[in-house]
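Order of writing sets the chain letters: A, B, C and D. Residues in each chain are counted from 1.
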């Protein structure tokens, strides 16, 4: 069996596409954000990526039909904009370090074949404490991108993330840089304790300005409210103490 | 050494065979059921599958002769039925995720070469509590199979199994779906605490109707009685408490 | 780098050689026995086996010179006997299951090239309790070998080892059987708590009769005495209790 | 993706180069020492080594620009000396045993291509207790090097390191020996509890004599002073007890 198996539904011709990635990770921030983007922009799935680097697992739909776990690429054609979009979402990241490398390398080569010159990876930055208004931290493949991103409200903060970026959100940048691709990682601050739709919204508010798309956040706000109710209950239960600032690092 | 080594005893010509898989897993339900099928139908072993994805282990018979751990395929010729049968049983599933993929992929390609168009995988669905009358839950590769299976008493229940199906029973479906093969996973409800012949019998009662075979359950009933004696003793020892419904998920 | 790297010092011509294997394992029984055989028979090292399946480690001699960890093959020419000998000893077994398979497969193919038709693997059978007079248990690749081994004092006992034989001592038999080679595993009973020279001696007393070699056991007896002193001290410290018969299984 | 990816900035022509390796390990002694050497000798980076055997991680600079984790080779041209230098430093060692082998093998073959005939690997020797004046222990690939190294103050001590040398510092010697390269491992004694600049300085004081380079130790001394302040505080907090001499072994 090939290490990575691609099942194409369609081979789209895209105009100077920008890629956006959001896979499971800290607070599921990236996955929530990218899936929201898929929903809102009515993106079209064109390829499924299966791999022995994913868990040996199928998911079962409510009707009883299975699907093998995968990463999937969607496209959005935008005839009135400068760039079409490619969005990468999925059930899992690679399970092992070498699996992460193999998958990220494959994805970046697929992106190159699609003509992608710019990639945004979305993730969460785990703070280990509850947070009211999440900032969106950035990391980039070339110095010139820092000022560009700052204009859109991205925070660049010395020493954050201290331990670097682990996982697909980082690796796509690392491999992209070697290939000469311009890449930005956007990390929404999150406690890391829960799935965090609020951090996902913060990330999307920045990204939507960059990509010049209009998004409705109703779904994310609803989810956030549910999580807020949970966390307020937890706060009540918590003993009075200094909020911890654990170095949870970042798993993107 | 090849990753997977096939040692053929015979290359049978089979008539539109249906494959049935039962490997070790939760409650050993699938393995018990498939081995019972092999015994009852006097199935003939025709190929041994050895692999570096299995444990580096030999089993020792009562007489002192060893065998390397393996998966094995049997066939049943049924001149009076529409379909011959292929039955896959074995000592272990693959140890690692990528080993699971490699083995399941190989098995599905062997099945294709044999002309298999339909596969049933058998497993247990762990509930984390003792259960009187196990249902048989189903998952399928295409929507059309749901109604067909319901007629034979298979239960399709929204949200069950919640976390999907992990291991060979799921993966064979996932890879089969990509290959365009019709596949059904039959999961007998089980506590998951013990080897569970009762759940195996429940699965076989459904499967025998589908395959139109007659089975005697004496052996399984005897085994079940032994386990029942054990569990009643445990129940006596147990403190009075709500039965737990742990989300043990499903390892097939 | 090749998965397995062979560095030959010599390519010996051997007369119908019998192979003996003893690698680290339970009680280090196999390793102790095989190394004692190398010493007593003045065996000559002819090939070093290096591999990425071993730990990334060098050993440092008393003089400060390193050697990369390895398995090594020695030969013994016996012009007056029917069979020359090949002895396999080493610092480690493969670290991973697939590494175990790759190494054992390579070793068996090397053995075939040397003309080996018969192999003895040596190991310990862990009982989880101290033992006065260790028996030597056997497992074989073909039924005909059972009676032959019984004549030399090997015990074949139904249900022992219950969980089969894990590791190189088992795997060499398993792969040897597939290749059509006659193989015997000799397991000296041991507590498994200590390095066990007494079990190694028991194994060698049987093996020396089979191979028709004379061995002096002074070194092993000295080592055994040191261990005995240790264990008597431990016995004094132990609370009075039934000796446990844990199912430690067997790691050969 | 290739297992190891080399990105060359330059292919230097070097005069009989000596290689020095210092990667993360016990007390980070080797890494500290090799990086100090790079700084002091104004070494020039000429190749970056990326690999799927490293963690899937990027590091983020203070300005927000990422770099994929790597090992890097630098050169130092010394027109007035007998030997140019190659220095290997990096963010990580290989994560898995086979990754360690693959990376070390690749590095040694790169060294051969550069004309390297002599290699020094630098590491820490963990004692599990605080130490006033660290000795520098040695291990070599051939007996002739022992006397040569003793002249420069390297200690060769029977039974140290007892468990051999694990990791890149050992493996480069092990593979180098097979290739016929002369190699020396220099291990600075360290508690192993902290990053240890004092041990790094001890190693460099020996190495600088061998390589005939002059080094300023101001930076390392400053770092050592900071660590000393930390450890004195810890000593105050510690209960009065015998210093432990744990067998921490050596991870180089």
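Quick note on the criterion: contacts are C-beta pairs under 8 Å (C-beta built on N, C-alpha and C of every residue); 3 or more make two chains touch, one makes a residue touch a chain.
None of these values were measured; they are calculated from a predicted model.
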Steps in the shortest chain-to-chain touch route ending at chain D and beginning at chain B: 2
Chain whose average C-alpha position is farthest from chain D's own: B
Angle (degrees, nearest 5) of the CA superposition of chain A onto chain B: 90
Distance between chain centroids, defined by C-alpha means - chain A, chain D (Å): 37
Whole-Å gap between the CA centroids of chain A and chain C: 53
Overlap residues in chain D, where contacts from two or more other chains coincide: none
Inter-chain touch pairs (all): A-B, A-D, B-C, C-D
Chain D-touching residues of chain C, taken from the complex the two chains share: 1, 5, 7, 50-60, 62-69, 95, 99
Residues of chain C that touch chain B when the two form their complex: 94, 97-98, 100-102, 104-106, 138-143, 146, 156, 158-161, 164-168, 170-171, 173-175, 177-178, 185
